[in-house]
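Each in structure tokens, the structures are laid out below.
First subunit A sits with subunit B, and in the next complex the same chain sits with subunit C.
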Partner chain A sequence: MTGERSSLLFVLVLAAVFPFAVQNPYILHLAVIAGIYVVLATSLNLIVGYVGEFSLGHTAFFGIGAYAAALLSTAAGLPIWLTVPLAGLLAGLFGIVIGAITLRLQGPYFVIVTLAFAEVLRIVATNWIGLTNGPMGIAGVPQPASVAAAGIVGGKQIYYFMAAGMVAVSLYLAWRLVRSNSGRAAVAVRENRFVAQSIGVDPFLTAMHVFTLSAVLAGFAGGFYAHYVSFVGPEVFRFSFMASMIIMVLMGGKGTLLGPVLGAVIVVGLEEYLRQAQELRLTLFGLIVMAVVLFAPNGLMGLLARRPAWLARRAAPALVSNQGEPA
Partner chain B sequence: MSARTVLAVSDLTAAYGNATALHGVSLEVREGETVALIGANGAGKSTTLRTISGLLAARSGRIAWEGKDITNWPADRVVAAGLSHCPEERHVWPEMTVEENLRLGGYLCGSRREVDRRAALAFGRFPRLQERAGQLAGTLSGGEQQMLAIARALMSEPRLLMLDEPSLGLSPKMAEDVFAVVRDINRHGVTVLLVEQNVHNALSVASRAYVLETGRVTAERNAGDLRDDPDLLRTYLGG
Partner chain C sequence: MNLALQFLANGLVTGAFYALSALGLTLIFGLMRVVNFAHGEFFMLGGVLGWVATAVLGLDFATAFVLVVAAMGVLGWLVDRFMIERVRGHGEESTILLTIGLSIFLANATLYLAGPAPMKVPAPLTGKPLFLGPVVLTKSRLAAVAVSVVLVLGAYLVIHRTRIGRAMRATFQDAMAAKLSGIRTERIFAATFALGTMLAASAGMLLASIYSAQASVGGLVSLKAFVVVILGGMGSFPGAIAGGLILGLSEAFWGGYVSTGTVDIVGFVMVILILLFRPRGLFSLNAQRA
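Up next is the complex of A and B:
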């Protein structure tokens, strides 16, 4: 496990030097977008990789964060260093409410209900014109004054460091959670619900902890996105964000901290690279996801961890729980 | 027979969906005993344990633990009350190390130092696990995994340990080792309720046994009587 920790540190150091080595605003822009997606993928990974349920409605928290930051800065005039944390907090509150409902469900039911929540929020954002300005969205979410003063490259550099700061905070929180009792308990539940219960783990409460932190992180990403793009409309709830997050988590390797980081960076890069192949892009991504699920179910991290497959497989039969089978 | 009754199950029924698995099971466990539930596959032995430990809801009946009604308590409360259930098929978390598996057993214990102490005790009792503390649990042999599962169940320092088929899939030698451990645990004051398909193993550690058949208790005997009277045993188990 120390390997994971030191590689995380290595990534952080690399990230600190990056904006000085690269002065190109386009590359810096991609790096900022990658930073936002790293946080989003880390956040989704907490649910997919640690709770072990598949959420299709994670854009709900991203969107709430984005709208919260947009409204707090345009209507209440709060600065970015307040709006982003508040966006996370608000998303966390929604996480508690939505989690309290959805985490009672498992498998496909959980998937459908989380998807429904994101859809409902999209419809609310489209129609509650008094608050959200409807389909017109909220334009002109203010940039920090320092960014406006720093010119094109300087501005991007500042955003880059803000994004890096957000990534660092998010990864730290995720790391703490995973290493905490709740994180271990979540893995225990994911691997074998009955055994986890038999040692006294409350699966619902554990999942709530993880789910709420996940919502907070997605809220951070949304809040930061609002300021960076300076426009928020109902499309923040759209499924395409969700699709990107899923690809990142699956490709990088769910249930590892570094996997989603890798996945986010690679997918953002690939998406730009494949821009010429407009229509084919989504098809290609579909193929990539299928290939990952079929050939590397644990993603890149699974390939990197050189533990031979037969070893993992030998342990697998012990995992097939015999729930519902009278004995 | 002067020891007090710690666990009293009366008229317990439970079902998986529409399939009723227990049709009114009653049994008693006294302090310091080792009691075995024996019977054929599908007789309801494991189901009885699951219902007691809160993994499966009871339809009716009553489970009393030290005088308190614990029927349908959530599993974590049952563990906190001093009952520990070691589920069948020696489930360990294969991707976690032996030590992580073990320490998770003390999940409800708030104090890190206390978990340290209990882990040290467990390693003292199971030196094999100490040797493999840093190894992934999935790489252990079947017998070692069973030892780990038992050690983990003991981490909550239960007063009643419920073991579900601890010898399942183990070599006779390994099974013998496991039962030596069970005897040792019992000697240290932990009451044991044991489910076993291997009747001879079960009777070698238990003082009393209940015979279950299709969700009902059909007999209750001293283990010695059953052991010494193969005919009697055959009557009950149809073997």
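Up next is the complex of A and C:
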């Protein structure tokens, strides 16, 4: 994983020069959507790849972030640089509550209980008309004044830089968490719960740390999404967002920071590209997902990591013969 | 009071249907521990193929039913042998992603081939609704309830009274030990998956004769089925029936007395509470954690 930091920095540098090379508002729009998904995939990856539990309820935090930002800006009139961080914080609070309940369970039960939470929130958002305007959703989430002034291409460029900033902050936070005591402890729990416990790691507490940060990141993404699309309805809790996130994380490679970034960019591109196939689009998409699971189970990062493994195999006999010599 | 009786009757009928549509998942998720998100699509395919066989090809209901269930059994067998088998033992994520991919594929391929319109399977029984005092029930619903009872009993007998059933129970208790004692576990896995698929498809076809089959219904069916399986306890047939009835009744009364918009919330709240306070499910007798 020594190459991971330089790869991530390379991705960020590439992202920084990207809008100067491309002036097409459609491509910039795709890039902003990809940015939102990079944050979401990174956030889900913290749970799937580092806690080692599979959450199907991650849209809960995305949706809470989106509704929080929408309500804070339409009802309270706060600007975007306040609503998005507040959306993240609120999602984090919900993360603490939901994590405290769900992280007591493991395996299939964790999967189902997280899904149940997301569904409960979706139904509440549909029916609590006084707060969320129900199925009609909240329209007209205000754009920042600078975007309105900058024209079509300029506006997209501003959004692009905001998205890139959010991606950089999220990746930095995820990076710091993974390298922190909590992150390393979480990996220890993922690999062997009992050994980790025997050296004094509290599995529940470490999982809570990671889960909470993950919720905060998903909340950021939701808040930014609300401003960018300028409409939030109960469909932010829909399972299709969840399916996209899972596919990105697993296609890219879970448990690596770079994998979900690649996965998000590829899946957003692939979904757009498959629009050519029109009605067959989702059918093909389902087939591709199945093919990835069957033929590249560790995702793209798994494919990339194959070469070092092959190199290591050549070096292995030397290691064995060294050990074989009497001390 | 009359209204309460009607809610009770509606709840029991809906509950029987929930139990019926969850039976396949009781095997696949409850026993095999495969988190199968394509369950609802198997259910949907049962209904759509039933429509093709009866309304398009003109077969009678019973022949069509047997053919559809057999075809779905073959599909389930193939899915297990060529897909699930490859990711068995690789943790939940691979199976979940695989079955999500399968469900996206099946739902959209069906939508593409058959269109979004509801497809009604001609009901085997027609006639006037029955009036039991103040309660109204239709014959086809009662027939579907009766068929569900037969299917539940049949599946229960297969698992608890036959040789292959014993092999199934051994395999899901300890696959390695079962293999060592000469059980071809990969066949047992495929057979169980096929049986679960057949149960899902028969539920789909029966309910398509009462309501109608629709390509997009799968997601909702999967969710309800997961709720029923967890309420009842993993892998327990009596539990699945009780879970279905509880879900049907509480939804009927919630919808009748509290609000119809939030009916779907009942099941999910129950799942959260059950997993927290009684993780073995309400009716699980063995020590399996649900």
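Quick note on the criterion: the second predicted complex is superposed on the first by the 304 of 327 C-alpha atoms of A that agree within 3 Å, B and C clash if a C-alpha of one lies under 4 Å from a C-alpha of the other, contacts with A are read in each partner's own complex, and residues count from 1 in each chain.
Following the convention adopted for this analysis, contacts are C-beta pairs under 8 Å (C-beta built on N, C-alpha and C of every residue); 3 or more make two chains touch, one makes a residue touch a chain.
These numbers were taken from a predicted model, which means no experiment stands behind them.
Chemist: Quick one: name whichever of subunit B and subunit C touches more residues of subunit A.
Modeler: C
Chemist: With both complexes overlaid on chain A, does A:187 touch subunit B (first), subunit C (second), both or neither?
Modeler: Touch partner of A:187: subunit B, not subunit C.
Chemist: Thinking of the overlay built on chain A, is A:199 touched by subunit B (first), by subunit C (second), by both, or by neither?
Modeler: First partner only, subunit B.
Chemist: Name the residues of subunit A shared by its contacts with subunit B and its contacts with subunit C.
Modeler: In subunit A, no position sits in both the subunit B and subunit C interfaces.
Chemist: Note which residues of subunit A are touching subunit B in the complex, please.
Modeler: That would be residues 181, 184-185, 187-188, 191-192, 194-195, 197-202, 311-312, 314-316, 318-319, 321-322, 324-327 of subunit A.
Chemist: Touching residues of subunit C toward subunit A in the complex: what are they?
Modeler: On the subunit C side, the touching residues are 29, 33, 35, 83, 86-87, 90-94, 96-98, 100-109, 112, 219, 223, 226-227, 230, 259, 261-262, 264-265, 268-269, 271-272, 275-276, 279, 289-290.
Chemist: Can you list the subunit A residues touching subunit C in their complex?
Modeler: Touch list, subunit A to subunit C: 48, 54, 56, 101, 104-105, 107-109, 111-113, 115-117, 119-120, 123-124, 126-127, 239, 243, 246-247, 250, 254, 279-283, 285-290, 292-294, 297.
Chemist: Any idea which subunit B residues touch subunit A in the complex?
Modeler: Within the complex, subunit B contacts subunit A at residues 16-17, 19, 21, 41-42, 44-47, 50, 53-55, 74-76, 79-80, 84-96, 100, 104-105, 107-108, 136-139, 145, 152-153, 155-156, 164-165.
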